[in-house]
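Report on the structure given below.
Each chain carries a letter (A, B, C, D, E, F, G and H) given by its place in the written order, and its residues are counted from 1.
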């Protein structure tokens, strides 16, 4: 019920002044975040799944949150262990609960089948796959298909060119590149591709800067145009950025 | 001349084996970066201007680089001082040379008038304007129009909502948000907008973390979906990322 | 016995010069910390409970300290595990020993029932609750009532406004805000509320700056007036600061 | 005009539905920040002066901002140089413009004479005085009187006790303590005083940690109850926190 | 088959144009990394073993990689545990699998017996031996013999001079020096020896800088000529650099 | 046998030229560290026990080192666990092996009973005792008696003055002060005492700077004369510095 | 007048109770810092000169401080420029004012001629001389003679041994070693000498760790017994520690 | 005169015992650094020029050092300004003094013409040239020829392949690669070349990690075999390492 309807009802006497005032007051709080201009955004935003970061949460706490997901709702639980999964499935639920081992994540509910956009995801090494899979889950939940090619490293350049060619031929909206160590791959991809690239530093490496800082710094220092980054190991953030780019492209 | 042409010429005897071999060999080096699959990319890439970072370069060195810009070429010189500009214009040139004071940048040559995409640029404070203007120059050079709204801070929320509404109504492809201090604005914008947001930490602030590190960390830690960042004060990077998103959107 | 009494006793001959000298000498050491001007302070200070940080202490060491709490005394043991609790209750005690699971803390003895001040406590996420509960225990031990509202995040602004309105309506003396990740909530609260705000960075977050440094930096960089911070996860410090503000307000 | 008035006017026919809708719509944006519950806050907030950080701004930019201060308004310009001052006074103004040399600050307009609260300000060294004076200006602008005692160091304890006694006897609402080097003074004051203490690390020191980091860390690590901190050299922040505590105490 | 052969076959009609084109196209990808000028390099590069960093990989993942090593191939698995080894040997293999306990590494396959160069390896303490042994395995796999002398410390200079004399007398091509703590040994060796020295900071030490940072910084700050460094604990990198120096010396 | 003796023997024919040359050559290596000028130093140095840092060493490796201690020799093993102790005592030994639980250290052999100097050791908290006990063991092994007073904190100044007075009255040669958190105690002691003070930062604390960095920085920033520091938790270093000061004082 | 005198006067009627009480009260504040046990310390402490750090102070502020030095008093002004000196000597003074160019320091007043102890001071490079000279000034002001040997580097060991031998032969009480870059010299000296060594990291160096951090870390990580450090470039601190060691040694 | 000669002279009576003893004693100090085993090293070491770092030294101090260079000696003065040069040439000298503007260095004396080895030097950008030229000067002074190719960046791979091919064809002993920003070039070169590569991080870059830290970290994190690094901007260190590799190769 919008303002006009309330005012009309009031004028017509279908609503008392008190009722109208209360309706408008309640409306205030709701409207703060979703001002009319954000209407279209709200429709889009419905596709952004709620995400819970499980690492610092006890299995029971996560299970309680999972229980509150409404039927036909969707929740993504990142950095989740088997213990988190076991705690969730112990209780009956209307929603399908899946443990995505590669991504160390749990999904509660189902994402819709139809997907418009398409995202490419590359990793430099095999240790970066979990972060890539987390990004993939997020992008899928936001309505994208994902093409992945893992462990393309920097050792041999043809290992990178082949999957990039395929991704570009398939018309990807954006490419996510996960890389630890010196984190050079995203810059290389951004210097060759003609699509936006999202770099994800991975916390794999040795000694000085080996917890992902070297990779983060490298990506931030890049000379390649069309590259932006998210935080170390933040697959969720990369997935959501790529999907947002994709959505904006396809809604036109 | 592609491989098939060379082979045909060889077979027809229009070319000796030596000539064919040399043609193919020369072709190698050229092909390394622009493998056939990157053809379309190359067309797009033509719009990415060469950028020179002037701060650590002497005026003469910059002037020498500027002199080499071909007629109808385009070069963007970032973090440039009046001294750099004076050194450039001292010499005759076929290209128009402009000093963009707000962006502390120099452009050599002209960008084409027609622009397809549209980028929104917001800054938290008035100290962040230079970075925003640098981003704007870059995005324009890559074929985008820019809507800007500076100094919207976080002091009063309506100061943010108004320009955001306008940008969204105009159909921006992406929004760049420059912020120093605690760097909270990009997260706020990303939580409200339904377009990809690029955060640019600015090196304005006090004491601990005041050189842009607090802002960078905040943006990397964001909970808002659809936000990625570039390095501190890196207007060029933000502009190129936003324009790349825009290009990809409009080329479809 | 104060100086005047000693001098009078000496003059009256009820005390020898030696006795008087010794009494005054002993008095020296006592007086160093509680100079007469701090008399009122001392009365107030009696309400500041002794706090022991258990994390780096063996259960036995903590139990020994707990045993020394006098009847009607009070001791707060922070960052305590079940093992610490078990070690304490194994021995008979005149004091009630309670394990506060939410706060990972143990209290030995009872706080008085009557409480004058009132403190509001907000957390951004559910992972920050332990720190908030620790702050609450401390503030209560110093004679304050606490209103808490956890997990109000920054996702939706109405989730913040409601509890803030209630706290302000109840006349809170100060508000404690616990936040990890980008740590933006305390700044937001301080920009809206008209009471002093104490920010507590929480060690929840991802990658770069994720151990609470991003949150700490953000809070220190704040533009909002009326916000000061304590160290990462330092619930005890926040509770004592808020209670001190409250005490000072109500003693007038 | 509040919602009820609008609704009444509509019902009485004094206002058309369109007019009522528009009035309510306009009301939305205004209300976002100053929801009715914040009414009292708004009255208090009127005393919080606008503050502009001049260091990274050109004299002309600062003068432009100063020119916009309405008659009877008030603006505090921190970290301002003589050049900033000269640029401001070059233009005619309705407001008194004062250069506060000790605080390296400029005030535009006058603060009201009557002041309720009282704040104590201590500095460890003579190099910390500028920060203290900045805090003093801010606290005064928010309606407090300030008692200051500078350079009390940690060399001799009686140099600290005397001014503290005097401040406590005068009933200060809070004490601000500015200290560089090892930053031990705020902890000492907080361990002795029975009022809230705000520590301000100053960027004075040697070598490792000498830019204020040692002082900041020390204050954050304090064992003394009732101490919270603001950022390095942030006199404005300390002044506003102390004044907020004071206001809350006296409005009761 | 090289370009000329393809062209000749085409001209002679032994190959169709299509076949020739395809052969050349396939050739492209191969040639990207091993352009004709790198031919000699390729022969040398065959001696550089593939290395897998096991620490962040599950035993099964490592076993899968090990299984793919061709007969007569060679793979070095660094930072490997017994669990990794057990997972590998559980499956039948054509290659010899060895667990090198001192180096915490596994080798799959055999290195050739004949070795040309000779590398000296010194460690400051007994805790640095694992890193040294890792370097030794790598250097051996690249065709070098190694002379080692461990725990020569800095306590007594003659403990260093004796092994250095012996190494130099045996004509070592380069010396690797592993050192934790203050990391002074590589500088000392480089100031005395007349061969290139590779410093490896080890993550042994106390408190501030004790994770290898002090050693890394010291080595980077060295005044001794002829010293370069690899990352903390990076025995593989040190071994490969030393062996590369050795190879280049002996191939002449 | 010194140079002169060798030359005399040669001249007298008691030694062949070859024997003389060899004796002189052997002498070279020995003399490098203990040039004649260091003779007195060598006598003093005999009291400096060999110290082995056990943390990063396997029990067996430590036991092997312990076995090599000659009868009447002495070895101190720091940061040793029960497992290290068990491995050592499993084998028969001529030396007494003692596990010093408070110091987490093992001594092999006996120190001589007679001790000349006297060292004072203070700790701020009870968590710092292990470091203090390690310092005590080292100082005792170098011939000093130790007076200790633990957990004197900064809470009440009389808790510090009493033990300090006693130490000074007993004529201590130096005072070691161990402190974590804000690390203020060493500065306070150095400002009051008239003996050299050695500060030892302890790795106890919260959040930012809580691993001993705040304490280290504070001590390095001290304004108190006569204070120098060793690394975080480095009891061995503090003990050896204090004992060296003591030795130098008493050898006069 | 001590307590006993006051009590006697009271008893004899030479003083009223009020007068006695006041005398005792006044005595309190004085006694806080110089409790009877610190009497001997106070005598020694008279030799510790007041030191003012000039760098962050305006010439006028420093001149004002200098003016307050009583006749026969002594003040050391460190990190002072010619401007500071000029401001001081512009005004008439009872004290001799000297600019010590090598130490960038100013002394106001004279130190006494007779000096008991003797301190050795070494520097690794010629850039470290200013710090060494500052240490020398401080040690001299505290009654020590200094033997200096600068730029002994680590390039050739005999350059170090010669001056060390001479210092030891002259019976130095302690040796100060100033070193930038990798900061290895203090460890080397401490491993050879049998006197306490004070390491001073100097802010000379390249790139990573080049502002003195590498040197500080190295010294803190030292394996040599009998070495403690002061902050980067802190000549004053090193001089006062060395002199305190010397005083304690000679007062016996 | 070696030991044997001295002994023979003594035995033959050509030398007194006193003379022999003195000759041997003098020999001690000399021998410490150049033990007989280092004889060959000494011959090689004669080619290592003395290097003085001018940045932190006054022109006069540098001129004094330059004056002491013996005829036919050689001194390299790095990071030298025109002022340093002017101060040197103001005084008459036997040696040729040259200001190398590109390297910001001064050479005093001449290097010998004949050069055996050959070193390749690449830079990523034009800002890195000074560091490269410094490396070149050092390598030349140690007897190497240098092939340089500057500003090959990472923008287009053929720009790198061409100069690399040429360097390899000319038989370079080692390649120095200078790179700022993300510092990816050395890794790329090391992955393609079959010669040892020395990476030099340059202090060119933006914001976070922009002072060379990102480049340093990247190079240390490299996966490419045969790459070691020197400190940020340390051209001298890179030149000496490369030349040492070259010398060792050619002396065989």
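Everything below uses one rule, namely that a contact is a pair of C-beta atoms (placed from the backbone, for glycine too) under 8 Å apart; a residue touches a chain by one contact, two chains touch by 3 or more.
A quick note: this is a predicted structure, and the numbers were derived from the prediction, not measured.
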{"item": "Where chain E and chain H overlap in contact partners, by chain label", "value": "A, B, F, G"}
{"item": "Set of chains whose contacts include both chain E and chain A", "value": "B, H"}
{"item": "Interface composition of copies chain A and chain D: same or different, split at half", "value": "same"}
{"item": "Equivalent of C-G within the choices A-D, E-H or A-E, defined by over half of its residue contact pairs recurring", "value": "A-D"}
{"item": "Magnitude of the superposing rotation for chain B and chain C (Cα, nearest 5°)", "value": "180"}
{"item": "Centroid distance [mean C-alpha coordinates] between chain C and chain A, Å", "value": "39"}
{"item": "Centroid spacing, where centroids are CA-atom means, of chain D and chain H in whole angstrom", "value": "56"}
{"item": "Whole-Å separation of chain centres (CA-atom averages), chain C against chain H", "value": "60"}
{"item": "Where chain A touches two or more other chains at once, by residue number", "value": "32-33, 35, 161, 206-208, 210, 213, 216, 220-222, 231-232, 234"}
{"item": "Complete list of chain pairs which touch one another", "value": "A-B, A-C, A-D, A-E, A-H, B-C, B-D, B-E, B-H, C-D, C-F, C-G, D-F, D-G, E-F, E-G, E-H, F-G, F-H, G-H"}
{"item": "For the chain D and chain C complex, residues of the former touching the latter", "value": "33, 35, 37-38, 40-42, 44-45, 48, 142, 161, 164-165, 168-169, 173-174, 192-196, 198, 216, 220-222, 225-232, 234, 236-238, 240-241, 243-245, 247-249, 252"}
{"item": "Complex interface listing, chain B residues touching chain C", "value": "153-155, 181-184, 187-188, 191, 205-210, 213-223"}
{"item": "Chain D-touching residues of chain B, taken from the complex the two chains share", "value": "126-127, 156-158, 161-162, 204, 206-208, 210"}
{"item": "Complex contacts: residues of chain C adjacent to chain G", "value": "3-4, 7-8, 10-11, 17, 20-21, 24-25, 28, 31-32, 35"}
{"item": "Contact footprint of chain C on chain A as seen in their complex", "value": "29-30, 32-33, 53, 56-57, 61, 65, 201, 203, 212-213, 216, 231-234"}
